[in-house]
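For reference, the structures are reproduced in the following blocks.
The same subunit A turns up in both complexes below, where it pairs with subunit B and then with subunit C.
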Partner chain A sequence: MGVEYAGVLWNKQKKQYDKIMAFAILWMVILFVVLHLVFQPDFTAETLIIRTSAFVAFTLLNFILIIGPLARLQPAFLPLLYNRRHLGVTMFFFAAIHGIFSIIQFHALGNINPIVSVFLSNTKYEAISEFPFQVLGFFALIILFLMAITSHDFWLKNLSPKFWKGLHMMVYLAYTLIVLHVATGILQYENNLLYWMLLIGSFGLVAGLHLASAWKERKWRKTQVYQLEKDNFFEVATVKEIPDNCGKGIWIADQNIAIFKYNNCLSAVNNVCRHQMGPLAEGQVVEGCITCPWHGYQYQPEDGQSPPPFHEKLETYQLAVLNGKIWVNPDPMPEGTYVAPIKITD
Partner chain B sequence: MGKDFYIGWKDEAPESNKKNIKRLLITLMVIISVIAMVLVVFSKSFTTHTFEFGQEKTFSGVLYVHPFPVLKLDKGQSPYKGNDYALLVGYGKFGASTYLQGAKIPKGDLSGKRVTISGTLIYGDGKVLIELTEKEKSLLEIENTVPPSAFSEKNRATMNGEIIDPKCWFGVMKPAEGKVHKSCAIRCISGGIPPVFRMGDSGSSYNYYVLLDETGNLLREEILPYVGESIKVQGSLSEINGWPVLEIDPDLIKYQ
Partner chain C sequence: MSEQTIMLILKIVGLYLLAGAIFSVIFLLKGLEKVDADAKGTSWSFKLLIFPGLCVFWVKFLLDWIKVKS
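Coming up: the complex of A and B.
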């Protein structure tokens, strides 16, 4: 969390994350170049740049896209999520090298504008295998560019989290365009079955993990059936099932609620982090604050407000405890409203 | 407190997280290395064609301008013994004709004259090309006139292959064929580089023919839809200025 905007709010783990990322990318680049020197020594420098940047960018994009569902399925992988933004911007950098070099190589120094050439040199838009694949890559690069330049909390705040999230969800459109770009481009030339297996395999991995994560979420929601007791309070959990300083997420009357147990008390807030919509119930109460598992954003459990000087606020909910059972009123209180924590009595 | 909880802004991650991430990253690096190996080892081999980028040289010989510019090199200048006919191409994705017409030195009709030019060699598969890298300034000297080259007799032929742009194919780009290079080849041919029909299937040895229309002029826009595709053509074979040529009716081109 930061009060002021800075280029990057460095901390020890971000530095570590970036060092590992830089090492991995360097390894991929060196490996790809060495493999060419050994097995394909007649390459041209331009082709090597175009192919290496494509390999690094597409590998990173696949990795970036599996981080989300991986962390949802297994919280042990949450550290990968923390600084994913740097990974995304780096991926764009390599995608841009690929795109710009390809446009220069194949479309520049000709009798029409290079960008116009991307769209008008091959005009077989009606065909599948002959489709001008460059166009697909071009639009994907535009999306990745928009994402890269807005990959900062300044834009998250100023565009609003909802709009920002919507913009960044376009990565799935970009990914689809890139898969089609590869399928209708290089795989029409390098038609070895192994390449098709790799492309379909990577797409299957990304899609499969997302489906598994969605299935887990759906299964969880299906269990969220509660009986109304009285005065709009629903019995949703037992006190014992929530470990100390931990939360439980419930879905009731279209409300996504996180109930936390801490200091022998219970409080309930909206389950969606205001930063990037992380699942707060999967976080913990640390130093008296609910802490989001994704990026460590914090909220006071009793009023849903981020501790001063921060300004983020969540809706709060009224709770009651009867005979070791927790009851919640799903009508949200306005964001930041103080609701006295419920004391747990044996 | 419940199980280990990771917070990014804290100095240390829990040990269990570190262990899991380390294991995942090592596994991924191994998988990625294998994938890189597969991608490189199983990709189609590049040609051994050469573009002597950055090594401009001076060449002398007899210039033929029509129907496409060729310089018959003086002995010892061609990288291939027995083939002294270098197809001239322009800088970037342009043909050489415009540069020759726009040269500053007095010339008149250049065809059949001895000239000295500067340029960059492109060669492969027994064929030679010279890029007029300095554009109009590439034509350095014009000397005495020599007799024009004779055209050979024509024979009818039908053949399968692909239309390529010779500048890229003979060394400037790799790969310079098929779908991945189609747009570039279209730009090159549209810009005046003579289209070449490469006869033969991938992996076999090729024969090359400059494509002309039935009146003996270079084909350009008419054949662009077929560039980079597997096609069948029929026409008259002959040789002009040391280069095999194929005169065709573009309306009779068929996709294979």
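Coming up: the complex of A and C.
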């Protein structure tokens, strides 16, 4: 929503989020190093750095990937979404430490370029136990790098939300490459069942939560059957079922619509936040503006526009109220079109 | 893939990023505020933050800058 960019728009919540994150990472590092020194004391400091940074980066990546589906399954997890961006950049830093130290330790001591060595030191692509896993990690790191350098809102605006979202969805490709990198790399040398269980368990958790949230969404959409149609208005809800200053999301005629009740009025806008596609219906009307539950982007309910001097706009929809029932016309009005709020009379 | 082919790709990528770095310095000094009005009066820490991305996506900003100028 930024009319003026800043490095980081700090607020109390973000500082608290980052403090908890730093504390958790510190404990992760301490725990991993101590356990490593106890059970495998023979490794060098470089190896310890490589393994610790990999452990922290992979743990953070798993955590980052489960936040989205967790929040969709249970709104109590929504606060975790709020500053996920800092988690992502921190994860990249640990992944970069792992990548750089690995290249220095394993590829920089010969007489060929270290990057070339990543690709040519092992070319057994047909093998499983000796697969050149470094290449998988290298490409995953490139994706994470592109994501980290474009994590600011400046990039969301200038690369366009569609391109930006597409770029950041590549995290799933990076995750797949990393899982394969771990499975064909370290797990081939550390033949320990516990490591395999941790890898399969974390992958199963990420995949399982995504499937569960997709199933919930699909199930919800199937319940969205509105047949009472008059002049292209569909009966979708009752006035009473929407609490004051709250919204209700509906899916009708391929339109994702959020209906809000505020100041004894009703308005409807597109349910998808222009920032990062957050579900607006799960947010609230704060100081007269619909406020996205993910990052606090705001829109005026009557015209779907962000309050001046911001520029974001949503499609709006026509509503009608009859005998306490809400009717909506699913044909969207152009973004930012004023639609007079419907007064609730009874 | 041979060593020569990989070296050639690395050189092309390196040259692209070098050109991007040179463009980005000029763009941050003279073009950023013209292409994105929201970037008016932003701090150097913000500019430093977007510098790596500009080095990668510089062609897009070059085209935007030309469009604004014309």
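FYI, the second predicted complex is superposed on the first by the 343 of 346 C-alpha atoms of A that agree within 3 Å, B and C clash if a C-alpha of one lies under 4 Å from a C-alpha of the other, contacts with A are read in each partner's own complex, and residues count from 1 in each chain.
Going forward, contacts are C-beta pairs under 8 Å (C-beta built on N, C-alpha and C of every residue); 3 or more make two chains touch, one makes a residue touch a chain.
Not measured: the values here are computed from a predicted model.
J.: Of the partners subunit B and subunit C, which touch A:152 in the superposed model: first, second, both, neither?
T.: Touch partner of A:152: subunit C, not subunit B.
J.: Mind working out whether A:244 is in touch with subunit B, subunit C, both or neither, as first, second, both or neither?
T.: After superposing on A, A:244 lies in contact with subunit B but is clear of subunit C.
J.: Could you say whether A:20 touches subunit B, subunit C, both of them, or neither, answering first, second, both or neither?
T.: first
J.: Using the touch definition from the top, say if A:44 reaches subunit B (first), subunit C (second), both or neither.
T.: First partner only.
J.: Of the two partners subunit B and subunit C, which one touches more residues belonging to subunit A?
T.: Of subunit B and subunit C, B contacts more residues of subunit A.
J.: Is A:116 contacted by the first partner subunit B, the second partner subunit C, both or neither?
T.: A:116: touches subunit C, not subunit B.
J.: So which positions on subunit A get touched by both subunit B and subunit C?
T.: Residues common to the subunit A contacts of subunit C and of subunit B are 112, listed in rising order.
J.: State the interface residues of subunit A toward subunit C in the complex, per the touch definition above.
T.: 2-7, 112-113, 115-116, 119-120, 146, 149-150, 152, 154-155, 157-159
J.: In their shared complex, at which residues does subunit B touch subunit A?
T.: The touching residues are 1-2, 5-13, 16-18, 20-21, 24-25, 28-29, 32-33, 35-48, 51, 91-94, 172-175, 177-184, 186-188, 190-191, 225, 229.
J.: Considering only the defined contacts, which subunit C positions touch subunit A in the complex?
T.: 1, 3, 6-7, 10, 35-36, 38-43, 45-46, 49-50, 52-53, 56-57, 60-61, 64
J.: Could you please specify the touching residues of subunit A with respect to subunit B in the complex?
T.: Touching subunit B: residues 1, 11-14, 20, 24, 27-28, 31-32, 35-36, 39-40, 42-44, 46-47, 55, 59, 63, 74-80, 82-83, 105-112, 117-118, 121-122, 124, 129-130, 132-134, 184-186, 188-190, 192, 194-195, 198, 243-246, 283-284, 286, 291, 293, 295-296 of subunit A.
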